[in-house]
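Presented below are the structures under discussion, each in the form of C-alpha cells.
Shared chain: chain A. Partners: chain B in the first complex, chain C in the second.
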Partner chain A sequence: MSKTNLTRRGLLRSGAVAGAGVALPTIFTGSSVAAFTNEPTGSTVTLGFNVPQTGPYADEGADELRAYELAVEHLNGGGDGGMLNTFSSKALNGSGILGKKVQYVTGDTQTKSDAARASAKSMIEKDGAVMITGGSSSGVAVAVQALCQEAGVIFMAGLTHSNDTTGKDKRANGFRHFFNSYMSGAALAPILAKNYGTDRKAYHLTADYNWGYTTEEAIRNSTEAMGWETVAAVKTPLTQTDFSSYIAPVLQSGADVLVLNHYGGNMVNSLTNAVQFGLREKVVNGKNFEIVVPLYSRLMAKGAGANVKGIYGSTNWHWSLQDEGTKAFVKSFGTKYGFPPSQAAHTCYVQALLYADAVQRAGSFNPCAVVEALEGFEFDGMGNGKTLYRAEDHQCFKDVLVVRGKENPTSEFDLLEIVEITPVEQVTYDASIFGGQLGTCNPGA
Partner chain B sequence: MFGLDKKDTMLLLLVAALTALAPFLLNPFPEGSALAQFNAGYPDLMQRFVIFGIFAIGFNILFGLTGYLSFGHAAFLGVGSYAAVWMFKLLSMNVLPAIVLAVVMSGLFALLIGYVSLRRSGIYFSILTLAFAQMMFALAYSVLTPITGGETGLQLALDDPRILDGGVETGGNIPVPGLFGMEMRDSVQLELGAWVFTFNFGYYFAAVVMLIAFYIAIRIFRSPFGMMLRAIKANQQRLNYTGLNTRPYTLAAFVISGMYAGLAGALMASMDPLAGAERMFWTASGEVVLMTILGGVGTLIGPILGAGAIKYMENIISKINSDILHNWFAFLPDGLEDLLVTLVYPFIGKGWHLTLGIIFMLVVIFLPGGLVEGGQRVARLFKSKKTDSSAAKPQTEPGE
Partner chain C sequence: MDAIILQILNGLDKGSAYALIALGLTLIFGTLGVVNFAHGALFMIGAFCAVTLSRILTLSHVVVDSTKTDFLGRPLEVQVPYVYDIFGEATGAAVIDWAVPLSILFAIPVMLLVGVAMERGLIKYFYKRPHADQILVTFGLAIVLQEIIKYFYGANPIPTPAPAAFTGSFDFGAILGFDPNTIIYPYWRLVYFAFAAVIIGAVFAFLQFTTFGMVVRAGMADRETVGLLGINIDRRFTIMFGLAAAVAGLAGVMYTPINSPNYHMGMDFLVLSFVVVVVGGMGSLPGAVLAGFLLGVLESFASMREVIDLIPGINQVVIYLVAIVILLTRPRGLLGRKGVMED
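This part shows the complex of A and B:
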C-alpha cells in the first residue's frame, strides 16, 4: 500500500539527484578560474591582520592591531593621512587600494605556529584575504610566511627579529620591514666598544629558542671581532620566570659584561634579577660591570621599570625620532589612542602602507606583480630614513637605532633615549650568508 | 555490515553521512550575510574537525575504556607530525609513506612511555605521562633543534632530497603533499545562489581515514579485548586477584591510542606541511581530554562531537571582534549598543576560552555523560512522547 508512495518519492528523489548530476559540470567552478588566490572582484579588498591577542606578546599584538586600524583608516582616506603625506611614493591617494575600499579581518596567533597558521588559513580560505600581515615572534612569522607562499598570498611580516625570517627560511611571497639580529650586533658592537672598551669579557644568557640563538651568534661575532672575549653562553628555558640561579654563576665566571639575549617577559625578569643581585654596582677586572640587552622595545622597558636606566640595546624605531614621517605617524596615532606607538606598531603600520603602495604601483593585487613592485623598492619618509627592500632576500635595509635606558624619564613612555643612529651601510650584509632559497613568487590558484 | 550489529552499523553510516555532507551542513548561511561569520565549511576547519576527531577517538580508547587518564597524548601527535614531515622531506610528497612512518614512530614512542608510565595508575600515571610529554616538548623546542626545527618548527625546503620524487622540477616552489597526483589542497567550489560550498580533496581524504579509524574503534569497543579493558576500568584489583596480568592489556590500549594520535599528527602535517613543538605542549594534551569529556567519555561518537565543538569555538568564536559586535547591535540606540557590546565582548574574540570554560562546566555539572548524554535525553523526550501517544491506542497486549 505504502509501496507506491515510496516509489513516487524515490522517483522524485532520484530525478532530483540525476538533475543535479547533469547540472554539476556547469555550476562547479574550480578555483582555477581566478587568476590568483582571492582575487578581489567586488568594491572592497580584504586584508588579514594576524596578531597575538593572547599569550606572552599580547601587548605587542594589541599595539599592532591599533596600528593596522590606523593604516586602514588612512588608506580609505580617513583621519589625517599619517605617513601617506610624508611617504616618498605618492601612488596612494586615500581612495583605498586601486579604488577598492580596504576591509580587514583579525585573528589571534596566540604566539604559536599552529594557531597562527590556522588563523591565517581561515582568513585566506573563509574571508578571502589577499594579504596576511602581523605577528610578534619569529617562529610564527616563519610559519605563516611558508603558509602564505603555499597558498599564494603576500605575507608582510610584523615584529620578527630572527635572521631566519629573511635568511634560512626566506620565501618569495614574504617581506620583512623589521631589522634582524645581525643588524643589532653590527650596530651595537661599535657603541659598546666606545663606551666599555675593547678588552671585555662577556657572559651570555640566551633564551633557548631560535631567535635567542641567532641573536647570541650575531652579538658574539660582532663583539669578538672587536676584541671582546666570550666567557660563557648559557641557554635559559623560554618559560623561565626566575633567573636567580642563572645570575649567580655570572659573578664567579670572571666576566664583566652580561648580555641578555632575552625578549619580552624573559628580558624583564632576567634584567630585574640581575639588577637585584647588585651586578651593576660590582667592579670586575678593575672595570664596572655592565649589562647589554640586544633587542629593546618600549613595552619591555616599561616592564623592567627603573632597571633599564643606562642599559644599551638596539631598536628598529622609536617615537622620539624627529623626522617628518615619525612625527606624522606619532601625531595621528597619539590623536587616535592617546599615547605614542611602539616599534611593533610602527613596523606593522609601515608594512600595511608599503603593501598598499606596491599594489597601487603594480596596478594589480596579483602577488607576483606585488613582489615585483616591492623588490628593490627604495623609499623614504617612513621614519627610518632612506630604506631599500632588497630583492635578494626581501629584507628592508635602513638605519638602526642604538638606544639606552633613560636616566630621568619624563613620562611612562619616555623610557629610552637614542644614543646613535647607525647608518645603513654599517649593518648591510651579503644576502647569501644565511643560506636558504627565495624560490619564485606563487600567485596560487 | 562489516561484522557490526545493526545499531553500530547505523552509527557508522550516520557518521559517514555527516562527514560526507559536512561542506553543506557547516555552511548553512549564505555568503555575504551577517551570519556567514558562523559558517565553518572552509577546508582548513573541516580538516581540523576530522583530524582532531581521530585524535579524540584514539584517546577515548585509552581513557574511555581503561580509565587511564593520559595527560601527555599530544606528544604522540607531535611525534607523528615530525615523522610525517621528515618523510615529505626525505622520501616523497605522497602522504601514504608519511602516514605509515608516523603511525609506526608514535607506536614505538607510546610503547616506551607506556611501558614506564603504566607501572602506576591513577594520578601517578597522569603525572608520569605529563612529565614525559613536557620532556619531549622541551627537547623538540630547543635541544633537538636540528631534527625538529626548534621554535620555528620543521619545514619543507626547496633543496630537500625527496628521493622518490627526484628529478621532478618544482619551478621555484615547494611541492605540496598529495596522493598520487591529487593535491591535498585541491578544492572545487559549488555555487548555489548565494551559497558557496567548498569540497576539498584533503578533507575527504582525512574523512575517509577517520571513518576507518572510527570503524576500528567500534570493533575494539565490541571485542573481548574491549571487554577486558572495561573490566580494568571497573576494578583492576579484582582482575589482578583472579590471577590476570592486566598490564599487557593496558599497554596495548596505550599503544593503540598513541598510534591514533600519531595518525592524527600525520594528517595534520599532510594538510599543512609544518610540524611545530607547540603541538606537544601540555595545553594540547589537556585539549584532547576536554574534547573527550565534553563529548562523552567512553561513548563512540562523543569524542568526535567534542572535538568538533572545541575546534569550532577556537576558530569561529575567537574571530569575532568588537567591530563585528558593533555591526550586530548597530540597530539599537547608541547607549544600549555599547552596553550590549561591553557585556558580550568578554566572551568572544580572545575571550573564547571563557566561553569554553563555562560550557565545559555546565556540561560536567548537568550532563556528566557529555554531549552524547544531552542527545540521549532529547531522544528520550521524543520517545516518551511517542509511547504516550501509542498508549492512547487500544492495547492488544493481554492485561496483567
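This part shows the complex of A and C:
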C-alpha cells in the first residue's frame, strides 16, 4: 500500500504557488524560454480575428470575418491565391507563415471598447494568438491597440477612420491600412469645389464622439480652405435615431450644403431624414441644396437605399476598381461567397496578408521584428496602387477614392460609383500634426 | 416664430410614435397590471411586418441579361418580381411602391396573433408575481425577439421607403406667410401624424362606445366585481393585449419610411415610452397620449441649436428631467388616478 506524505503545511504551500501561477495573467509575465508573447513553438500559428459579431455592426463584422477566412485559406495554399498572386512582395508562398500552418480564433467586439478588449485579451491569453486584427470602430481600435501594446502582440487595425488611431493614440505595436478623416477631407474638398463651387455655406451634423469630431474638423478645414463658409456645426447624440429636429433648422440657417459626419446607423437615419425633408429639391442662395457624406461604406449605402443617389463621399477601396489586385481579390471573394467584398473586407484581408508577409520577410514572429519589417514598407498589387506603411505613425499612405451614390444600380451591391481616384500626394500630411508618440515596440516576454 | 412652429411640427410626429406605444403599454398595465418591457419589441415586429411584406412582394425570378455583365464578368442575372408577371410591370411596380400602406392589412392579424400568443404563452403566468419579475421576463423576451429578428434579417437597417407619391415635403411657411423653405415638413410625417390620430381615436371609441369596451373599462376600474358578475374578464383582457400589440405593430409599420428598421429599434423607443406612461399617469389612456405628444414636442425644442448652446447636453436628458420632476411633485402623473403610484 502506498503512502503519501501529505501535510497541512505542504498542501498550503503548494496550493499557494499553484494558485499564484494560475492567477497571474500570462500576458504580463515573461517566460524563461519564450522570446516574446505567444511565440509559436509547434507546427501552427494562431491569429486572432476580433470583429463585431453582434450589435449594430454585426453585418460589417461578418464581411470582415469572410475576408479573414479567405486570407487564411490563401496563406495556407488553398483557393486561387487571391492577392498573393498580385502582391509586389513575393515572400509568401502558400505554405503558411514561416512554414507554420495558419489557424485562427475569433472574438466578438460587440463594437464596445470593454468587450473588444476582453475578447482580445482572451484570444491572447487563452488561445495564444500572436496577432490581433479587425474591428469596425475607432473607439474599439484605439482600446484594443493599447491592449496589444501592453500584451506584446501586433495589432493590425480593421475599419477605423479616426485620425487618432495613428495620431494621438498611435502605438508602436499597432498598424492601420485604412484611410482616415484627414484624407477624406483632402480628397473630397477639390471634388466638392469642382461640382458645387467655392461659394458655399455648409451646415455640419456631427456624431458626438471621437470619430465625429476628427471628421468634422478635417472636412471643415479642407472646405474652408477652398472658400466655403461653415454656418453651424451641431453635435448629435450617438444614440439618436430620428434626426428630424436637427435637420429641420438647416434650411433656416441659410446653409446650402449639409455635411453628415455620421457613420453606420446614424448615417442611414440622418440621410434618410434629410432626403425625406426634401432638402435636395430645394434651391437656397440661388444654388441647389446638396448633401455630403464624408465616409461611405457599402453597408451604409445599402441601409440608406435610394437616398444615397448622387451624394458624394469617400471610401478606402471599391470592388469596381480595375487594377489586378482588386480583380484577383474580387474574383476569389465573389466565387467563394457569391457577392463582391466590402471595403471593410478588403482592408482586413490586406492587413492579414501584410502581417504574414512582414513575418516571412523578418524571419520571425517577434513583434519587434514585424514592426521593423512593416515600418517604411512599400508595396503594390493590393488594390490601392503604390502604398507606403509610414514608419513615423504606422499609417498606410495610398490613393483615396471619391465616390457618389449611383443613379441606376444593377444590384444591391452596386450602389456607389467611383468619381475620382485622388493621388496619394494630395492626401499625405506631416506625421506630427496629430501629436502622440509611437513609443517602442513591446515583444511582451 | 418660424423655428417654434417647426419644432412643434417635429415634435408631433415623434410624439405620435411615443403616444401609440405608450397607449398600448397603458392598456396592458391598466387591464392586466403587467409592466410589459417587450412592448418595444412589438413595435419592432410591426416594422418587420412591413419589411416582410415588402420582401414577399419583391419575390423574384431570374432573367439573364446577356448584354450586361455582373462583377465577375458573367452575364448579368436580373431579378424580375413575380408581381410584374401577375399584374404587368406598371401595376406590379405600383403594388411594390405601396408596400408599406399595404402592410397595415398584413400586420393587423399578425400582431393580434403575436399579442395573444405572448399573453397566453408567457405573460399570464406572471400576473400575480411582483412587477420586478414581470419586468425581467418581458425584458428577456424582448431580447429574444430582437435576436430572432436579427438572425433572419441581419443587423443592418433595411430601407423601406414610403410610396413615391409621399416623397418630398410640404411648405407650411408659404401658407403661413413666412419665407419659402423656412417651415417644411415631410409628407409622410404628416401621414404618420394623421394615422396616429385615427388609431388613437379608434381605440378610444372602441373603449367608450362598445359593450366590450365598457366591460374592459369596468374591469380596469374593479376587476373583482366584474368577475363576480359572471363576466370572463380574463378573456377580454387577453384580447386587449392583442389589441395593444396591434397598436404598437401598426405604429411600427408606418414608422418604417421615417427610419430604416433594424432589430434594435424597439429598444430605442421602449425606455422613452415608459417615461411617457409615467409622466402621463400609470393606467391613464388620455394621459399616455397627452404625455406622448408633450414629450415629443419638448424633445424637439431641446434639440434646437440655440437651446443646446445655452444648456449643453439638454437634448439627451430633457425627457428624464421631466420624469424626475413629475415623480417628485405628482407621482400619479399628469392625468393619473388619485392614489395610483402614490401609496
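The definition used in the following text is that the second predicted complex is superposed on the first by the 414 of 445 C-alpha atoms of A that agree within 3 Å, B and C clash if a C-alpha of one lies under 4 Å from a C-alpha of the other, contacts with A are read in each partner's own complex, and residues count from 1 in each chain.
The rule we apply is simple: a contact is a pair of C-beta atoms (placed from the backbone, for glycine too) under 8 Å apart; a residue touches a chain by one contact, two chains touch by 3 or more.
Treat the numbers as computed from the prediction; the structure is a model and nothing was measured.
In the superposition on chain A, contact of A:L98 is made with neither chain B nor chain C.
When both complexes are overlaid on chain A, the residue A:M226 reaches neither chain B nor chain C. By the touch criterion defined above, A:P237 lies against chain B and chain C together after alignment on the C-alpha atoms of chain A. Contacts of A:D108 after superposition on the shared chain: chain B is touched, whereas chain C is not.
Chain A uses residues 54, 58, 235, 237 to touch chain B in one structure and chain C in the other. Against chain A, the residues of chain C that register as touching in their complex are 2-3, 6-7, 9-11, 13-14, 68, 70-72, 76, 78, 150, 154-159, 161, 167-169, 181-182, 184-186, 188-189, 257-260, 262, 264-265, 268, 299-300, 303-305, 308, 315-316.
Interface residues of chain A facing chain B in the complex, by the touch rule stated above, are 27-31, 53-54, 58, 105-108, 112-115, 117-119, 121-122, 125-126, 137-139, 142-143, 146-147, 149-151, 162, 164, 169, 172, 208-211, 213, 235, 237-238, 436-437, 439-440, 442. On the side of chain A, the complex with chain C involves touching residues 54-59, 232, 234-235, 237, 239, 241-242, 244-246, 248-249, 251-252, 265, 268-269, 272-273, 276-278, 281-282, 284, 299, 302-307, 319-320, 330-331, 334-335, 339-340, 410-411, 413-414. Residue ranges of chain B in contact with chain A, taken from their complex: 39, 42-45, 48, 138, 141-142, 145, 150-153, 155-159, 171-174, 176, 185, 187-192, 198, 272-274, 276, 278-279, 281, 314-315, 318-319, 321, 349-350, 353.
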